[in-house]
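Please find the structures below.
You will see two complexes here that share chain A, one where it goes with chain B and one where it goes with chain C.
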Partner chain A sequence: MARRNERAAGIGSRAVQIGFLLGILVLWYLATNRWGVNRLLLPNPIAVWQQLLDVLKSSEYLPDLRVTLTELLVAFALSMTFGITVGFFVSRTRYSIRVFDPLFAGIYSIPIILFLPLYVLFFGLGPASKIALGATISFFPIVLSTIAGFSNVDRTLVTAAKSMGASDYQLFRYVLVPAALPVILSGLRMGFTIALLAIIGSETIASLAGLGHHIVQLAEGMDMARMFAYIAFVVVIAVLLNGIVSFLEARGRRWT
Partner chain B sequence: MTPSLRIYLLRHPGVVRLGVIVLILIAWEIAARWFIDPLFISPPSRVFLSLGAVWQTAGVPAALRLTFFELAVAFAIAVVIGLTVGLAVGLQPFVRRSLLPIILLLYGLPQITILPLFILYFGIGAASKIAFGVTHGMFPITLAIVAGVQNLKPILLVSARSMGASRWQVLRWVIFPHMIPSFFAGMRLGMSGVLLGVLLAELYVSTAGIGHFTTMFTENFDPTKLFGLVTMLAAMAIVLNEIVRRAETRFSRWR
Partner chain C sequence: MTTRDAAVRIKGVSHQFGEAGETQYVRALSDTSLDIARGELLCLIGPSGCGKSTLLNVIGGLMTPTSGTIEVAGKPVRGPMPQDIAFVFQENALFPWNTVLENVRLGMLFQGVPKSEHETRAQKSLEAVGLADFAHHYPGQLSGGMRQRAALARALSLKTDILLMDEPFGALDEQTRMILGEDLSVLLASTEKTIVFVTHSLGEAVFLADRVAVFSARPGTIKKIIRVDEPHPRKPEFVTSEKFAALRNELYALLHDEIRKTVAESARSRETS
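Entry: the complex of A and B
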């Protein structure tokens, strides 16, 4: 009985969720078709859908997508390399953790997007400033999680491995890395997500190319239906990228 | 290094931390003075001395006040929305199961992509910054409230009701005190969200806020003033974060 109730409640929840999303679509349609909301403020959902299909077919997004993905990959490679290296060496002694960990955590709590004007001044409007900002922003979660991962390895595991005569390399490969990996991986996923946000954000604010730049161009041209379609496209790309990274994280956890 | 100094430093890692910061500043000073084109970077000593000049630039104090105002209003609205939605969604299991996935979905979307829409709907003035700050701040607060209500032990609710507490009394004496720690944790996350949202919108387009001046200093290749202004903003962000963090540690002590 209780089980049946649970299942009924589950179906009810799904129904509410689907109803909610359908309700928004219907309201959107009615607002544009019946209530005469200005097309420059809210384009017709059907027009947006057609534009979305057109965007996908035309492959005009390829140059922008390539720019954004290149920036993202370079920025993430930089922050991953520096974050893990610095984090590892800081985590070697308890003392250096106490010196550096609060320092990184303190800087991480400042909204680093503030420094974007400095980066633009220094690196220019091109991809370099986006790479630098994305790398800076994603460095902090990676370095903090690497420190946390390596410093919380159970002391008994280390002592046991040493007493059984493990070499430094063996200790690193078979004890430290497996113990720290899950924490580091979640730091990497977080770093990737905020690097993506930082890069699209800085493309929106000041840039010459990229997905964020294209949305701004369409907004300035008041090409609303196409802009909505492009926003949907970018959101899907972001969701896909985050999904891939979450999948890799889950795979990485099993690897050790 | 004398042994006593060594022991002192070992006991006080904070002193060494300060030393690291000073070393970085010195390296920056040397690089900026002798190696890098002064059009792009300014040594910290000059930035520090220019803080007064930045403050006296016509419009800068007003811009900082405006940004502070945007942050405060956005934060207040985000707290009210987050609290209302969080309680409405969290208190009923059915509503929570139905709507929480939608809230999580919305929170997971990259909001930065719709920043141009906010400017279109709310104009280039303060309203669009406040709105963008609210949408960044309300989700973490909502989720923290939902989590806080969820962690409430059902036995407390049952016993309060069995002792004849009214709905309002349950809310006031049972739910509310238990929510305080997660409420303040949510406020802290909400504050960083609001800071991010407002600053993003300011930097994107601005007529009178700090975004206007960062653009102006960048376009005039005036790194000294730009660094000074960014330093002031960073100080403002640190102070706001610190206030919320202090409030969190202070009010979660009752348990």
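Entry: the complex of A and C
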């Protein structure tokens, strides 16, 4: 009974969410077709839809998509490797946690995107600066969650494992890692999301290629319908990627 | 009692947390000596903070006492002795990310049991505690009582001579506790294990124990040992017998003063702090 109510509530809130999005679409349509908003500011949704179909058919997006995804994957691989490694070693002693945890949290709270000009100077206009920035920005949530995950393992579980004769390796493999995993996974999901934001964002500011770069080019060419089509395309890609990452995160913590 | 049939020898053990003068300084255990016979079930009972759990951890090698020595099977205890001693903790000592069966197997992996024996030993110990049908459940899907049964199965599968239980039923409701106590008595009657069982419950102590060691208020030491001469497995009727009532009353009288002292002490330390 409780479960059925829960499911009904779930369907209900889903319906409201879809209704909200449809409402925005309707307002958008009315704004362009009835209320006479300038097409250069806001293109007609139907024109955007046609442009989107054309973009998808033409596969002209492939080179830019490849650049952005490569930047994202390399940046994420770097921040994951360094974040988890540094986080684990920091979590080993109370002293290093006391030193580094507030330090990382402090840096994490400043908008690192401000350093983009510096990154461009160091690494150039190409993908390297996007990778470096994405990796830097996503390092912090990953390292912070890794420290939190490894330093908050239930003492009883560690004691129990030791009382049964667990070696240091076994303690790590069978107790510390599974205990820390759910927290690390949510850090990885956050890191992934903000790496994507940082990379597309920095592509729109200073770049030679990538989806963000392409969107800005279309804007500068006043090709608004196609620009909106590209934005919709990037939104879909982002939703898909976040969906995949959330799915992997849920699988990693399925016992809870 | 001769050295030969003592499973555990506790000699002049004292333990303190922190150093004198520090805020967290606590003298938990004071000059305690006791021999625990092979195959006996000894209950430790006493007021909160009297050091009974500390003594259990010291016996199991999870803590090194400030002074004094412990011998298990003739060997001095210097750390965990997984081949000789298994623990059942108060609660939540099962790995929540593993199923019941995986938890039991993991214990054997840690202890170094050959992989080929894991399956049969795990099945057997799960059957012994009545959890065979729940082998593939996660701890979070079980009731508190079932989780403690699973923890017991994990400890039994290790086939140690000594079992240390730290208020294993402390977090359970009275009725679940009673049933688990009865089942435990039946189960343990069929093994030769030496068991040390920490509890707050007078009834549980009398029902399960061959001997009950009553602790004094902090710094705790053994004030008196009461023998319960009643064959295992204990029948549920034992609880309603006059003998049970008499032993329980004797324990109550012994404990009552110590609990009063503990309450007065904690009120005093609150005033001064």
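Points worth noting:
Going forward, the second predicted complex is superposed on the first by the 226 of 256 C-alpha atoms of A that agree within 3 Å, B and C clash if a C-alpha of one lies under 4 Å from a C-alpha of the other, contacts with A are read in each partner's own complex, and residues count from 1 in each chain.
In this text, contacts are C-beta pairs under 8 Å (C-beta built on N, C-alpha and C of every residue); 3 or more make two chains touch, one makes a residue touch a chain.
As the structure is a computational prediction, the values presented were derived from the model and not from experiment.
Once the two complexes are overlaid through chain A, chain B and chain C fit side by side, free of any clash as defined at the top of the document.
Taking chain B and chain C in turn and counting the residues of chain A each one touches, the greater count comes from B.
In the superposed model, A:Leu65 makes contact with neither chain B nor chain C. Judged by the touch definition given at the top, the superposed model places A:Pro178 against chain C, while chain B stays out of reach.
Shared-chain residue A:Leu157: touches chain C; no touch with chain B. Of the two partner chains, neither chain B nor chain C is touched by A:Ala47. Rounded to the nearest 10, the angle made at the CA centre of chain A by the CA centres of chain B and chain C in the overlaid structures is 90 degrees. In the superposition on chain A, A:Leu196 contacts chain B only, with no contact to chain C.
In the superposition on chain A, A:Val37 makes contact with neither chain B nor chain C. By the touch criterion defined above, A:Leu121 reaches chain B but does not reach chain C. When the two complexes are laid on top of each other via chain A, the two nearest Cα atoms from chain B and chain C are 15 angstrom apart. Touching chain C in their complex are the following residues of chain A: 154, 156-157, 159-167, 170, 174-175, 178-179, 181, 255-256. On the side of chain A, the complex with chain B involves touching residues 9-10, 12-13, 16-17, 20-21, 41, 95, 98-100, 102-103, 109-111, 113-118, 120-122, 196-197, 200-201, 204-206, 212, 215-216, 219, 227, 231, 234-235, 238-239, 242.
If you check the complex, the residues on chain B that touch chain A are 10, 13-14, 16-17, 20-21, 40-41, 94, 97-99, 101-102, 108-110, 112-117, 119-121, 192, 195-196, 199-200, 203-204, 214-215, 217-218, 221, 223, 226-227, 230, 233-234, 237-238, 241. Chain C meets chain A in the complex at residues 60-62, 80, 82-83, 85-87, 89, 92-93, 95-98, 106-107, 109-112, 138, 140, 158.
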